[in-house]
Amino acid sequence: MTDAEDLADRLRSGELRLYELDEQTDADTAAEARRRFIEDETGATLDDLGTYTFDAEQASSANIENLVGGVQVPLGVAGPVTVHGGAASGEYYLPLATTEGALVASVNRGLSAIDDAGGATARVTKSGMTRAPVFKVGGVAEAETVVEWVDDHTDQLREAAESTTSHGELLAVEPYVVGDNVYLRFAYDTKDAMGMNMATIATREAADLVEAETPAELVAISGNLCNDKKPAAINAVEGRGRTVTADVVLDRELVEETLKTTPEAMVEGNTRKNLVGSAKAGSLGFNAHAANTVAAMFLATGQDEAQVVEAANAITTMDAREDGLYASISLASLEVGTVGGGTKLATQSAGLEILGVGGGGDPPGSNADALAEVIAVGALAGELSLIAAFCSRHLTSAHEDLGR
Amino acid sequence: MTDAEDLADRLRSGELRLYELDEQTDADTAAEARRRFIEDETGATLDDLGTYTFDAEQASSANIENLVGGVQVPLGVAGPVTVHGGAASGEYYLPLATTEGALVASVNRGLSAIDDAGGATARVTKSGMTRAPVFKVGGVAEAETVVEWVDDHTDQLREAAESTTSHGELLAVEPYVVGDNVYLRFAYDTKDAMGMNMATIATREAADLVEAETPAELVAISGNLCNDKKPAAINAVEGRGRTVTADVVLDRELVEETLKTTPEAMVEGNTRKNLVGSAKAGSLGFNAHAANTVAAMFLATGQDEAQVVEAANAITTMDAREDGLYASISLASLEVGTVGGGTKLATQSAGLEILGVGGGGDPPGSNADALAEVIAVGALAGELSLIAAFCSRHLTSAHEDLGR
Amino acid sequence: MTDAEDLADRLRSGELRLYELDEQTDADTAAEARRRFIEDETGATLDDLGTYTFDAEQASSANIENLVGGVQVPLGVAGPVTVHGGAASGEYYLPLATTEGALVASVNRGLSAIDDAGGATARVTKSGMTRAPVFKVGGVAEAETVVEWVDDHTDQLREAAESTTSHGELLAVEPYVVGDNVYLRFAYDTKDAMGMNMATIATREAADLVEAETPAELVAISGNLCNDKKPAAINAVEGRGRTVTADVVLDRELVEETLKTTPEAMVEGNTRKNLVGSAKAGSLGFNAHAANTVAAMFLATGQDEAQVVEAANAITTMDAREDGLYASISLASLEVGTVGGGTKLATQSAGLEILGVGGGGDPPGSNADALAEVIAVGALAGELSLIAAFCSRHLTSAHEDLGR
Amino acid sequence: MTDAEDLADRLRSGELRLYELDEQTDADTAAEARRRFIEDETGATLDDLGTYTFDAEQASSANIENLVGGVQVPLGVAGPVTVHGGAASGEYYLPLATTEGALVASVNRGLSAIDDAGGATARVTKSGMTRAPVFKVGGVAEAETVVEWVDDHTDQLREAAESTTSHGELLAVEPYVVGDNVYLRFAYDTKDAMGMNMATIATREAADLVEAETPAELVAISGNLCNDKKPAAINAVEGRGRTVTADVVLDRELVEETLKTTPEAMVEGNTRKNLVGSAKAGSLGFNAHAANTVAAMFLATGQDEAQVVEAANAITTMDAREDGLYASISLASLEVGTVGGGTKLATQSAGLEILGVGGGGDPPGSNADALAEVIAVGALAGELSLIAAFCSRHLTSAHEDLGR
């Protein structure tokens, strides 16, 4: 009887619980024992989950609990495409992990058009990871004194916040009052880290100071004005993580030959669908499918998949110019990092390597900026391709050709 | 020289392009050739991407283009939890694939509390996959005639739409007029399929009929009132895919002993953060982190990761009752399927097997309903756990204990 | 000593309270007494408030309590304009009551352009006054049974609701479940009445039936899914009161000569401001200043000023066509009536008479439809004029010329 | 034949147009001529419109064009109520102009409860009138340079903006980039003026500087990120005009005796309706009927009625405390002034006098602050009263008792 089988038996008997396995054995064996136990409990066959190359010990300490194995998501590449970014510069192949057929092909077609046009321009126009604790006060009179204290003590708050981190910098604290609630939205420069944990820990320290020096009482370290993983206007308006825009001008010939449509048709399609349609839908996302590219590149590079939610706060614009088609996409709240989180895992690290942005950048923050810019270019490519396809009525048949 | 090396050479020389490899060799060899080529181009090391167990041929035909390999995401399990659903019934272990440490532990803690309370109740309260083409008309007078025609010819539209599918049923067509744009929101029962492609193909057929019989001209098969992969009120209000609620009553002792807080504190935390905070943020998501559970279970079961966007349209409510704490989460637009898309991939199929909902259900649709219900219970667990943690100020330290 | 002076004395002494005056004397005298009392209390001079011609008794019974007098708002007219509506037909002068200089002139300029183009087309594309009570249930399982009961008993609900009204008709009941809350959105055809009170009374009767026949317990007759007087996507998407669109095609020459700009500049201005700008602002209003026209015509015709809120859920579209400029405005939730509310007051009745839509229409509902259509044309005129002014950079100077 | 009759004849003959009358005669005679002409054209009887006491010349130059007369809206008073504000202090009677029966009574009931509790507290927590022009640039790279220039030249922009006004002060300029659009949101302290025109004129000057010094080209002086008279999250989140909160603690006995309900029922009603209901409705207004009080006080004091739209961005909170009920309302974007606009008109000036806030305050801005605070207290009263009524199921019968 192997160790794993033995441990599985002890799970079956109730002697051990799933999470207690980590104290009994190494991470790989624990995962195997859990697979055997779950197979018995559910009748499932979990062998495939046991095929993984990441370091199970590391994953168990940083990324997952009750490890059972690994899910495999197919990864394709699109490109190359030339990017003229503030941080990204040169030619890039984009790694995309997805199960939605036709997506990589669609992005690839868009990138090809962009590359033929000489590449896309991209810029991070705003940056800052936010955390917004909610405090309870006696009422609006007390709220006013708390807000005044905060405004007058930004330096102390910065000192407290930054005492918890070697990299992060407090950029701003914005107060919001709703009755007897005071929300303080802290924004940080977290360099190449996506920065949620850094921001949380730093804000906790600052919140302690607020509690010590004012009558405010902390209710929750996140009061939902951050706003993390919920669709919220505050992110769409003010940004979170990286606010990034990518754009390109495609000359008329290129639009007609590569995208099989005209600048005017693209503009009309974009207006009727992405602008007017989204307006009528009460949407915060004025784009065709930015989330597709974002989700696929997030998966491929170890980002937080749940933050795809905010990434969908994107606006696509198109304008027919004399020289052809101007197209842009502006992602308000793209939270990305090249260190920490899932970026250390073997395959995700490979995804970052394909883009040449793994680890900390020089200067700090430049790798995450570059990642944001390249994702934006990928999303722009997806918009160009899908809108062209919709306009020329090829979407469904494209799907059909691919056999689904 | 292996085939892969030879093909990589031909990529390097420009003789072949990435997507042309599929015609030259089998899918695994093509992926290997692409890895070698990309390694040369970028300096990355991609061996880990070559470790996968899914059927590369199948993936290449249905899920991905320019296949390079597989991304591995750690998968853990939480539970067991008892679910009293409309379709789900009994005990479930929840598979969660994520790189965010503490998430599985958090859901597990919540599930444990729910299970101690006798389990959670769950119901799909509305169902329908939507697709909303946008048509161009001459003006509002013509729009009126188009809308009247649509209202008078629902049967013909149904016949056309359903002619393209053996399973799908057209449930309703809702017209929206904005100037010279007419949007028709088609809703389908797509049974156990998530149903986007089914809905697209069926709607295309119906749209052809509209074009043939009225002056309306199709602009795009999706006019963004569907609304797919964008945060939009139309989904939050009217639903898309499954609209599902899960709830539980935890008695006071349980809240105090398991969650280390009180029903009153939970209610206050939920109100100040999830309701008032989200209100001030201009949000469509009135919850703590529903997207986390949804994204992790979507990954584990082969769902479309980009649709996490809509899943975040969720409202968490808490109410202190005499007998303890009532807690619920209502997800307005959870698009799930147990057939098609990524569900056939080896590890994703294993994820569905853990839940016992792989493939088509009996009756049709019941497997996808059950999946939706269990995800809702998982999200409810995450809410209970995180709100309790926030209230008792344990979040940051929980993260710290886990070494991040 | 007059009666009024005497009564004012009794107010001063505390013998009487403000609202008790109505039992002591006629409405005009009561108002005079209140004016004298308030003058004493505050030092204000209120003579001007005493100049009014409405029937004080009637107003006191239907429109106001603690009547003190009347506020006078300047009223101007714009037009004439030809309207090709579903209910409105022919030439109209538009009464606008406002204190914002340049507004009437702006609307007038737009109407003039529209009239030169042969008039505007308008249609009410959807109609229904809504009221959405919120019920409390035990949980989602009970919610499901309540919703099923409602779906199965629409006829009884209609009978109950319609038993309270001679005119109103129940059109639909739409259920929404959020945890242990069930919201039922009742929609009524209220003919020429704006219909809020009719809908409230009818819904109360239907709600009694729901309470009697199901475990649901009524919490509030309005659960804010109606949604009355709050900016809400549910109204912008699904409509409330009248959903109405007006449009016009202005030939190129007209745009250039009357509006001093080009179709292309108008389209660009509309896209960058009304579509993209509003998108970035997280708005439900994709227009320049529809609320201005609506508020002014509401005041002039006795509508509910607080419902201007929903009327601002409007989308303006512009499209450069071969033959010139297509422009439209779509107001999703314009609540208007020509009977009841403030429509009986002397000056407001005069406002309706100017439009020829006072009182009940033939067929019932046609007067309110016509009012909605003419307001939409007025709002369209305001859009054309202001966007043209912005594009040609005349707004500020227009204001300056008018001396403000 | 009177002058008016003669002029009306000349209108009928087409010799004169409506707006040309102002050059022919005095404002009162012009209005009379227009009434006669419109009566002939439409068959309406407009005598009542001729009863007004405002200065027609002044109104014609500042508030209206094509003056025909005045609309009279019934005005009632509610109160007195004690306000402990940052600017307002002492006892106030609130003037409310409305045609919605029961509204004054409802506010009065709420004010009475508040006054019994010792009065309400109120604070303006943020202030600033905004104007946000949209500029067109070549693309995102150029947008970056424009934004950098703006950030580096705030002093020059301030100098330019403030050169146009003796009172206004530029508080901040916030840039937003969307593709080739740059929006600059200018915020001003406009003291006792509502300030839209002041902000427009000042921003125009600053925009000229931006155009002169950067490649940006002004498209529209308002790019809809201001955001004026549209429901928009940017105002709900960041505020516009005055951001003001009012709150009160009502002890349990008071709630039970005056409001005929309990703190717990109020909290539950507020949560299920104003928080959860509004959440499900996709709303920016989390209140019962704040717009009612705002609209009525706006009318009574000469404010811009169309700005009621933004005022409806309000959140009502209730919390059951040991000592009773805490209730608050937070209005994010209440644009008010005590000078300019409609405030000079006779009856509107009287409305301001009732509140003791007419004209410029000492210090400047304090009168407008006080007006904002008192309106907030009025809105709070309306919330307390209506929620209590809903909870105790008295709303419909209240309306019924009043005969409608």
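For reference, chains read A, B, C and D in written order, and residue numbers begin at 1 within each chain.
Just so we're on the same page, a residue touches a chain if its C-beta (ideal position, glycine included) is under 8 Å from a C-beta of that chain, and two chains touch if they have at least 3 such contacts.
Remember, predicted model here, so these are calculated numbers, not experimental data.
For the touching copies chain B and chain C, the fraction of interface residue numbers used by both exceeds half; the interface is of the same-residue type. Centre-to-centre spacing of chain A and chain C amounts to 42 Å, using the average Cα coordinate of each chain.
Averaging Cα coordinates per chain places chain B and chain C 39 Å apart.
Measuring from the averaged C-alpha position of chain C to that of chain D gives a distance of 16 Å. Looking at chain C, residues 176, 178-179, 181, 233-234, 236-237, 268, 276, 278-282, 284, 286, 315, 317, 319 sit in touch with two or more other chains. Taken as a contact graph, the chains are fully connected, with every chain touching every other chain. Chain C contributes residues 84, 86, 121-123, 125, 139-141, 143-144, 147, 176-181, 233-234, 236-238, 243, 245-247, 249, 282, 315, 317, 319, 326, 328-330 to its touches with chain B in the complex. Chain C meets chain A in the complex at residues 233, 236-237, 268, 271, 275-276, 278-282, 284, 286, 315, 317, 319.
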